[in-house]
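Right after this note come the structures.
Here come two complexes built around chain A, the first alongside chain B, the second alongside chain C.
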Partner chain A sequence: MSVLTVPTGRPRHKVRLLNRLAWFLVPAAPFLIVLALWALAGEIFKPSRQTLPPIGDVVAAIYELAVSGQLATNVAASLYRLLLGSLLGLVTGVIGGFIVGLNRKIAETLNPVVVFFNAISGIVWLPLMITWLGIGTALAVFLIWNTVFFIVFQNTALGVQLVSEVYEQGVRSLGGSRWETLRSVTLPGALPYILTGMRTGLGFGWRALIAAELVGAASGLGTMIFDAAEFHRSDIIIAGCLIIGTISIAMDRWLLLPIERRTVQRWGLVADAEKER
Partner chain B sequence: MSLASASGAPGRPVGLPSGWAVAARQLRAVKILFPFLVLIAIWWAIDAAGNFSDRVLVSPKRVFDTVIMLISHGVLAEYVSTSLKIIGIASFISIVVGVPIGFAVGANRYAARSLEGFLRFLQGVSGIAWLPLVIIWFGFTHTTTLAIVIYTLIVPIIFNTMVGARAIPEQYELALRSLGAGRLRLITDVYLPGALPSIVVGLRLGMGYGWRALIAAEMLVRQGGLGDLIFGARTSGQIDRIIGGMIVIGALYLLIDRLLVQPIENLTIARWGVLRK
Partner chain C sequence: MTSASADKLSDKIVVSGFRHFFETEDGPVQATGHIDLVIRGGEFVTLVGPSGCGKTTLLKALAGFIRPTEGTLTCDGKPIRGPGRERGVVFQELAILPWRTVRRNIGHGLEIARVPRAEREEKVARLIGLMGLAGFEDRYPHELSGGMRQRVAVARTWAADPDVILMDEPFAAVDAMTRLTLQEELGRLCAATQKTVFFITHSVDEAVFLGDRVLVMTRRPGTIKAVIDVPRRAAGGRDWESFTTDPEMQSIAERVLKLVRAERGASQAEESRAALEATA
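Moving on to the complex of A and B:
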């Protein structure tokens, strides 16, 4: 757009440049405001280090955690669980979603059970699963699987049901086998829904993981902040929260969004992914 | 029904159509209950065959008896009311505070852009991750739980209100303004109806996150509520209480979702003719 418009005067051009700069910088504003308020609160109320540590303490805590290798260990433990649980959830959810999506009878029969178990998916299983699986990776993986599964399952079933029958009939009448139809029509047709399910599922899964790690694990980011609470190390808690948020954003931005966008572009379908401005 | 009895010939059972309706309803109920009955039968069979200790698995009947006992002693009502009160207050505050913020931010594209990233970040740090810090601030109290649930609920509400407000075509606003509509009229006739479907989506997502955050927070704060019920039962190995509590949690969530949130959603869609997807 800026290439096409001929700058008519210097001031105007300057304003546009300024606007662009503002547009680019503006996402940082809320973070800066929070930092300013935080610093201000520290100056005015002079809270104890346990209540509200100074910003410097939190930065130091992050540095300390990173240097000592604690951070890497805990992040790796959390991500490993998330990966395992989500992969299981994705695979079982897609398979289940296909079976249900392709068969109306099964879908109708199973629906009430799915709705109910979806309502208690995730953290609600924690007490029962601690008794059955004990504290550790299996527990966290189960909770993530349980969370991701239902979201992916329901989205896949919906996507499969929404694929227009005309396309399937088209491929079949051209001699495509049942398998061929599934692979080249139903799967790509349902893919945007599967990916939306995956994205939402990972959001819920990440929460379930942190909650599970608070009580049900010996390592991981949740354990890290929960242990810090015992020693009233607020700096580590806040550092942990910042890291948890950053990882979550990074996963969404650099992993899920690109995959989603690519598939949506590839098959020319519009999912309700956010519009780029 | 009255129509049928008026036209009913003598000798013919008068209530036949209504009888059919009842039968159809019963059939529907059976259809919904059937998969659950199968599950309970499997559970019963496993319990009977495995000869498990009471700390690992108990029979469905034991769970049923326990739930009846909890109800008749009034214990369950107390746990349920604690949880419902918190989620109710949290939803109210989140809507009252979150919706205006969402509109205010949505009205300006710079503000919207600046807050988008921040809100995404907040959503990435699940409420439960802040729990250790909030416990330091407010102790093991209901205030802590409430703060966590509000944090979890309000972010999707602000975010979706903002998105909804941004998606309203400017022409609507301009058209009303050129006809002399005031600010209030714009809010009631353009912004609110235009953004409402999106707000409700936010509320529903928020309830999904918030309900889980509530249960998880109650597990750790241990001041009553359904999370406390099932997590407390774990320490004493009362599997019947855990499973009974899980069933109550699931049923309650479905009740809230079906009787409160979904009707609102249907109402907004029917009223303003907006279809999702």
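Moving on to the complex of A and C:
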């Protein structure tokens, strides 16, 4: 916040508290609308429990899953795979993006192979990979990596290419080596794009994870949903979706956004949504 | 000027037979004409010329960012093969790093040179005081005004303690009032540190105000058309008030202005003739 902020009628810490509360509550409104529509649809169309279970059933299902310990086991299995696959995707994607972003010739050489494999989605790999990796963590991790890697890779390569040359020239004129410019210019300069890649990648990573678990795992949220489908338990299916979405939001808000706030927003590289208000 | 030491008389930068062409899709384009130039140690040389004349090309070659098509450039007798610590650069556009605080930007060169922390902090603190940045040490560049950012850029280059400082229109992007202050501060800083400075500008007043020698460049492909010595009576006495009231300085500025305007006029006349031919 600028030192020149015009004083408002209310004390600043109070305004801040209100802002924080708004930041928390306003994004919840669309969810409330969806819940209202859900309840309304139940009243108007009177669907069977299997078609669209009432909200109460879903809440009860979540409670049951939590109490029985199934929820914790499945969430842990899924999160482990997601984090492992995403971390691998992130590290390899950033390294690959740097190599390609820094060297036009390598970029031109690798472009066709990247486009080729990027087009082959996780679902296509699945039947082949089940025979290669078997059912379980390795399969899920591969499918998540396959998704996260390309997103992080392409964002990083773009970010590296867009770092202003003048920063690098400045550091070189201070006596900085090639390695020093990589460390102090290219990496922080490309960070907005790397973070965007991470956020997008993690979202798509969830999709890949659930797809992998639907057929290729013995535990996890995807398996839970798949089993529920066999027993026509729509309440558990929707409960699974709610849990996936909620964890996804939590990771975004408490893991990725704080990183963004402390780095690229602090440096003024991207607009700070809170400051605008 | 202060008394000339042996170091001051030696040739610091020597440019001989420099010519540069840029490769484009339509073939090579000549950026500069034939340039020979000697800058002596401790000298403040300003270069003024119409836009597009190749001033920045010459500076980039001296910085080691581009390889000249023809000719040799040396610094202390050694050929310039790339960027180096002994040749600091202050850029026209903002080159300080947005992700480093004022303190860490200024100390970056010292960090690279592995200067011990205590010594580094002391040097940085001195420059922060000298450049009027006290109280802003832990700010990031986006939180500063344009003038302050340029002060950080100047301080960063000075902190690394290069022999030669190359400046490419460093104050072009700041407002007019701030620019006057920055020019005076630069004059004082140079008088205090006895650095060799090569300073590019398109402002005649700035060139005469700061330079011990003013070089005037022709329009593209630029060559050096005239060299004007600027006598300094008082050591380090560079302030705008005495500059604007000194008839000698004013007559030098007028002379330089005439030389520059002749170039600008010629290039404009050429452009309008070309435009007429194109429409005919």
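Assume the second predicted complex is superposed on the first by the 220 of 277 C-alpha atoms of A that agree within 3 Å, B and C clash if a C-alpha of one lies under 4 Å from a C-alpha of the other, contacts with A are read in each partner's own complex, and residues count from 1 in each chain.
Note that a contact is a pair of C-beta atoms (placed from the backbone, for glycine too) under 8 Å apart; a residue touches a chain by one contact, two chains touch by 3 or more.
All values reported here derive from a predicted model rather than from experimental measurement.
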Check chain A with both chain B and chain C modelled on it and let me know: fit or clash.
fit
Quick one: is A:L128 in contact with chain B, with chain C, with both, or with neither? Answer first, second, both or neither.
first
When the two structures are overlaid on chain A, which partner does A:R172 contact: first (chain B), second (chain C), both, or neither?
second
Report for A:V185: first if it touches chain B alone, second if chain C alone, otherwise both or neither.
second
Touching A:T263, do we find chain B (first), chain C (second), both, or neither?
second
Which partner, once the models are overlaid, touches more of chain A's residues, chain C or chain B?
B
Let me test your reading of the model: by the given contact rule, A:T73 touches which partner, first (chain B), second (chain C), both or neither?
neither
Based on the superposed arrangement, let me know which partner A:N103 touches: chain B (first), chain C (second), both, or neither?
neither
Min C-alpha distance, chain B to chain C, superposed, in Å, is 15
On chain A, what residues does chain B touch that chain C touches as well?
none
List the residues on chain A that touch chain C in their complex, please.
2, 164, 166-167, 169-177, 180, 184-185, 188-189, 191, 263, 266-269
Help me check something: in the complex, which residues belonging to chain A touch chain B?
22-23, 26-31, 50-51, 108-110, 112-113, 115-117, 119-120, 122-128, 130-132, 203-204, 206-208, 210-211, 214-215, 221-222, 225-226, 228-229, 232, 234, 237-238, 240-242, 244-249, 252, 272, 274, 277
Okay, in this complex, where on chain C does chain A touch?
63-65, 82-85, 87-89, 91, 93-100, 108-109, 112-113, 140-143, 156-157, 160, 162
Contact footprint of chain A on chain B as seen in their complex:
31-36, 39, 55-56, 110, 113-118, 120-126, 128-133, 135-137, 163, 208-209, 212-213, 215-216, 219-220, 230-231, 233-234, 237, 239, 242-243, 246, 249-251, 253-254, 257, 276-277
